[in-house]
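Below: one structure, written as C-alpha cells.
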Amino acid sequence: MSRNRQLSAGRGVYAFLGAAVLVSVFPLYWTLVAASRNNTDIHSVPPILLPGANLLHNIGQAFSQTDMGLALLNSLIVSSLVTASVVLTSTFGGFAFAKLPFRGSRPLLATVVATMMVPTQLGIIPLYIMMANWFHWADHLQALIVPAAANAFGLFFMRQYLVTSLPDELLDAGRIDGCTTRGLVRHIVLPTARPAMSVLGMLTFMATWNDFYWPKVVMTQQNPTIQLTLSELASGYIKDYSLVLTGALVASLPVIAVFLLMGRQIIDGIMQGATKG
Amino acid sequence: MAASVSAGRPARAARAPVAAHRRHRLDRTLSPYLYIAPFFLVFAGFGLFPMLYTGYVSMTNWRVDVPGSQGQWVGLENYRKLLDDPFFLNALKNTVGIGVLSTVPQLLLALVLAHLLNYRMRGRTLFRLGVLLPNVTSVAAVTLIFVQLFGRDYGLINWTLGLFGVEHIDWQAGTLSSWTAISAIVTWRWTGYNALIFLAAMQAVPFELYEAAAIDGASRWRQFRSITVPMLRPTILFSVIVSTIGALQLFGEPMLFGQQQDPTTGGSQHQFQTLALYSYNQFWGRFKYGYGAAVSWAMFLLIVVIVGANLIAARRMKGLDA
Amino acid sequence: MPTFRTGPRTRLLGAAAALTALLAVTGCSSGGGSQAQDDPNEKITLTVNLFSDFGYADLYKQYEQQHPNITIKENRADMGAHHQNLQAHLLAGSGTADVEAIEIGQVAGFQAQAPKFVNFLENGVDAGQWVPSKTAPASSADGKVLFGLGTDMGGMALCYRSDLFKAAGLPTDRDQVSALLSDWKAYAATGKKFLADSPNKDVRWFDSGGNLFSAVIAQAPTGFYDAAGKPVVTENPAVRQAFDLVAGAIKDGESAGIQAFTPAWDTGFQKSQFATVACPAWMSYEFKANPPTDGGTWDMARIPGGGGNWGGSYLSVPKSGKHTKAATELAKWLTAPEQEAKLFTEKGYFPSDQALWSQPDIANHTDPLFNNAPTGKIFSQSAKDLKPQPLGAHGAEIGTALGNALTSIEQGKTDADGAWKKALADVANIVG
C-alpha cells in the first residue's frame, strides 16, 4: 500500500474536512434540537441551537398520534427478511457468476448489469395491479418483501467480491477432495464471502428501511412502514414541527445506530466495492 | 448433511467412481443455474414482467375510473400526446434541470473531498464516518428536515443568509430556488458516499506516478488534474451514471418539499414537478394508467439515452487521450 | 452474527420458514375477513381515515368504553392525498379503512362509486336528520343509496385579532367590525388601511390568498360546476371575479403568503403573522391549537358578503373494509345528534343535523376562544340561510389549482393574468 507515503495533511485540509463534517452532521443535530423543544422554540429569531427538555414528551406524542410502534415493527420485519433473502440469493448467484463455468454465463451477467439501469418506478403500475388485484397482497407486508427478495446490485456486488477474493486453487482443492458444489458453497464460499455479506446486508437493510415510493403506493396508513408514518406526521394536520422532526429522529435512529456500530465495515465495503467494480 | 459427509470423507467418492462421476457432472452442469435461479425468478416476476406490462399498458387508453377502458388499444397515441403535453415537457425540463444541479456540483465536491481524505491524517475514520452519515438517513426524514431549514420566515438557512444581508428567500417559490433547494438535499445525502468511492480509486493509483511528476516539477493542482482525474476516469464514469439514474427518478424529495394540498403538483406552478412525480400524479391521482405508464416509459428511455450519451462521451475522451 | 454459523441449507430453510410464518401471520391479522363479524364480542380494531382533526379523540374513548371489544385507530393525511388514496383504493378494491371521511367539495367524485359503499338507508339511517342539500351530494344519482353521513357544516365567519385591530386604530367591537367589513371590497380597502396604520409591519391583513379565495367563491350561487354537473370555471364570471379580487389584495401586500394547512400556517397563527382569517366553523381546531404567543386574542365577526358554506364532511363505510357492520355502527354513532352537539360545544364543529340548529344549547352557544362570540347564533343563522352551490366531481382539485395560482402571485412569480392562464391549463388537465 502506498498509504504510508501519502502526503500528510496540513491545517487547510483539516479545516476543510472539518467544515464538511460539520455540514454533514449539523442537520441531524438540528433535528435533535428541534425534537427536544417545541414549535415556538424552533421558530425563534435568533435560532436556539441547544437541545431542550421536551424530547421524551415529543416522542410520546409522536407514538400516540400515529401508529409509530406498528410502523417500526413493520419496517423491522420487512428490512430483516429482505436483507436475509438478498444476501443469500446474491451470494449464491454471485458465486455462480464468479467461479462456475456454465453456458450463457456472460450474456446472463450482462443482463444482470443492464437491469441495474431499470428504474423501479418503471414497473410500479403493473406491480400495483399484481399486488392489489391478482395476489391480493396490497397493504400486506409480503407486497414489500417478495419483489425485493433479490436484486441485481447485490448479485453483482457479491460477484465482484468473490472474483478476486476467492482463490481458484481453493475451489480446485475442494473439488479434488470430492466436494460437490453445495459442499464448496458451504465450506469455502460462505466463509470467504462473510465480510462482503455483512456489508451487503447492512446496505440492504438501510436501503429497505429508507424506501419510500413503493411502500407509499402499495401500503396504507392502516399498515404503514416507518417512512409512511413519517410522511403522515408531516401532512396530517398535526403540523407541530417539533413533532415532525421527532418522527424524523425516531425513523432515523435505528439506521444511525447500525451505522455507528458498523460504520468502519460499511466504509470498507463501499470502498472495496468501488475498486473492484 | 450429505454435503458435509461427502466433503469430509473423500475416500467414499473413490469407492463408487462411476456413479460419483455422473453425479459430479450433473452437479457441475446444473448447479450454476440453480444458484442464479432465485435472482432470475424474482427479476422475471417482479422486474421484467412489470416492465413489459407497463409497455403494453402505455399503449392502451386504460383509465380505472372509466369502466371497460382496460385493454383499449391506442398504439403510440399516448406517446404522441406526451409531446404536446405542457405538463410533461415541464416535468422533463425540471427533471433534467434538477438532475444537472444535483449531480455536477455533487461529484465535483466529492472529488475534492476524496482528494483531501487521501492525505495522511489523524482521525481518518472519524472524518470518513462524518461525511458518510447523511447517506444512511431516509429521503423522507432528510426532506422534512430540510423543509424546515429552508423555511421562508423562520428557516435557519434564510437566517444565516440574513446575517450577510441577503433578503429572505422563498425557496419553494421560484424555479431556480426550488431546484437549488432540492439539489441541496440530494447533494447533502450523496456527496460523502461518492467521495468514498473516489477515495478508493485514488488509493489504487500508484504513488510512483506522483513522485515522478513531483520530480518533473508539477504542482499539486497539476498532479491532481493530469494524474488523479485521468486514472479515476472509469470510477467517475460509473458514479456519473449511477447518480444520473438516481437523479432522473427523484420522487420523495420534490413530493415532500412541496407545501401544496396536492403533493403531486410539485409547487404552485409545477416548478419542481419531476417526471416521477408527474407519472404518479397521472396514475394515482388521475387514474390514467395508460398515460401514466407512457410517462414511466418515456422516463426510462430518457435514462437509456443519457446513460448511452455518457458512455459514448467517455469513449470519445479516451480516444482523444490515446 | 451468530445465526450465520449454521449451514447454508438450514439458513435458507430458516429464512423460508420465517417468511412463510410471517405471511401466515400477516394474512390472518390484516386479511380480508368479514367472516368474523358474526361474533359481536370478538376483539376488533376499527380504522378511521380522516384528512384533518375532526375532534373525535374523546368520543372514541367513550365508544370504546361502551364497546370493550372495539379499539379505534385514527389516521390522517393531507386532504388531497386522502381523497386520492380513497379513490385509488376503491378502484383497486382494497386498502380502504373501515370508516373513511369525505369532504363536501370532493363528494361528487365518489357518486359514481356509490355501490362500493355501505348504503346507510338500508342500515337504519333516516335521511331526514339532514337537510336535502347535505344528503343529496352523498347519494347515488337515483337517490337509493346514501353513502355518506353528514358530520359538520362549513358556515363562515370572519376571525380577526381585536388587539391588532386596536393597535391599527380599527374598531374592535364585533358588530362594528361586521358593519365596516360588509363586503369584500370594503374588506380589501380596510386591509390597505390596516397595513398603513398598524405599528407592527410584520403583520399582514390575511393569511393566504388561496384561503381567502375559497371563502369568496363559496358565497357565489354557482361555483366551478353548473347544476348539470358541467365544469364552468371559464364560463362563470363569479370565478374570475373572486380570483381577481384576491389577486388585487395580494398585489397590495395584504397577504402573508402562508399556505393554509401547512406547518408554516400554524407558526403564522402563533407568531401573529396575519390579522384576519376567513374562518369556517371547522377551522376552530386551528385557533385552539395555536394560540398567539404574544397573548393576543381572536374575535369573530360576520363574513363579508354574507352567507355561504365552505367545507364540512361526511363519514362513509367502504364495503371492502374488514368490519363493515361494526364500522357502520360507529359512523352512525359519531354522526348522531348527541355526539354532533358535543362536538360543537366542546370543539367548535358546527353540526349538519338540522334539528340541532334550533336547539337552545347550540343556538345560544358562545365560544371563549373567540372572546365569547355568539358562534351558535352566527353559524346556525348561516346554516339556515344557506343556498347550496352545485357540486362537481373535481371541485376540490379545481379549488386547489386556483389556490396554487394565487400562491404563485404571492410568491411574486407572475401576475393575475399569467396565473389565471396557468390555472386554466391545470383545470383542463384535471377535468380531462
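Order of writing sets the chain letters: A, B and C. Residues in each chain are counted from 1.
By definition in this document, a contact is a pair of C-beta atoms (placed from the backbone, for glycine too) under 8 Å apart; a residue touches a chain by one contact, two chains touch by 3 or more.
What you see is a predicted model, and the numbers here were worked out from it, not measured in a lab.
Peer 1: Chain pair with the most contact pairs?
Peer 2: Of all chain pairs, the one joined by the most C-beta contacts is A-B.
Peer 1: Starting from the Cα centroid of chain A, hunt down the chain whose centroid lies farthest away.
Peer 2: With centres defined by C-alpha atoms, farthest from chain A sits C.
Peer 1: Roughly how far is chain B from chain C, centre to centre by C-alpha average, rounded to an integer in Å?
Peer 2: One centre to the other, that is 38 Å.
Peer 1: Measuring from the mean C-alpha position of chain A to the mean C-alpha position of chain B, what distance in angstrom results?
Peer 2: About 14 Å, centre to centre.
Peer 1: Calculate how many whole Å lie between the centre of chain A and the centre of chain C, each centre taken as the average of the chain's C-alpha atoms.
Peer 2: The mean C-alpha positions of chain A and chain C differ by 38 Å.
Peer 1: Which residues of chain B are in contact with two or more other chains?
Peer 2: Residues 3-4, 148, 151, 153-154, 263, 284 of chain B each touch two or more of the other chains.
Peer 1: So which bits of chain C are touching at least two other chains?
Peer 2: Chain C, residues with two or more chain partners: 7, 9, 78, 81, 92, 261-263, 267, 271.
Peer 1: Please output the residue numbers of chain A that touch at least 2 other chains, ranges allowed.
Peer 2: Each of 43, 88, 92, 182, 185-186, 234-235, 241, 244 in chain A touches at least two other chains.
Peer 1: Within the complex, which stretch of chain B touches chain C?
Peer 2: Checking each residue of chain B against chain C gives 3-4, 64-65, 86-87, 148, 151-154, 170, 172-174, 259-265, 267-269, 271, 284-287.
Peer 1: Spell out the part of chain C that touches chain A in their complex, as residue ranges.
Peer 2: 1, 4, 7-9, 11-12, 15, 18-19, 22-23, 26-27, 30-32, 47, 49, 51-53, 73, 75-78, 81, 85, 89, 92-95, 97, 261-263, 265-267, 270-271, 293
Peer 1: How about chain A: which of its residues touch chain B in the complex?
Peer 2: For chain A paired with chain B, touching residues are 1-10, 13-14, 16-17, 20-21, 23-25, 27-28, 30-31, 34, 42-47, 88-90, 92-93, 95-97, 100-102, 105, 108, 112, 115, 117-127, 130, 146-147, 149-152, 155, 174, 176-183, 185-187, 206, 209-210, 212-213, 217, 227, 230-231, 234-235, 241, 244-245, 247-249, 251-252, 255-256, 258-260, 263-264, 266-267, 270-272, 274-275, 277.
Peer 1: Which part of chain C faces chain B closely enough to touch in the complex?
Peer 2: Listed in rising order, the residues are 7, 9, 78-81, 84, 87-88, 91-92, 112, 257-259, 261-264, 267, 271, 273, 397, 400-401, 403-405, 407-408, 411-414, 422, 425, 429-430.
Peer 1: Within their complex, state which residues of chain A touch chain C.
Peer 2: Residues 39-40, 43, 66-67, 77, 81, 84-85, 88, 92, 128, 132-133, 136, 138-142, 145, 182, 185-186, 190, 194, 197-198, 220-223, 232, 234-241, 244 of chain A touch chain C in their complex.
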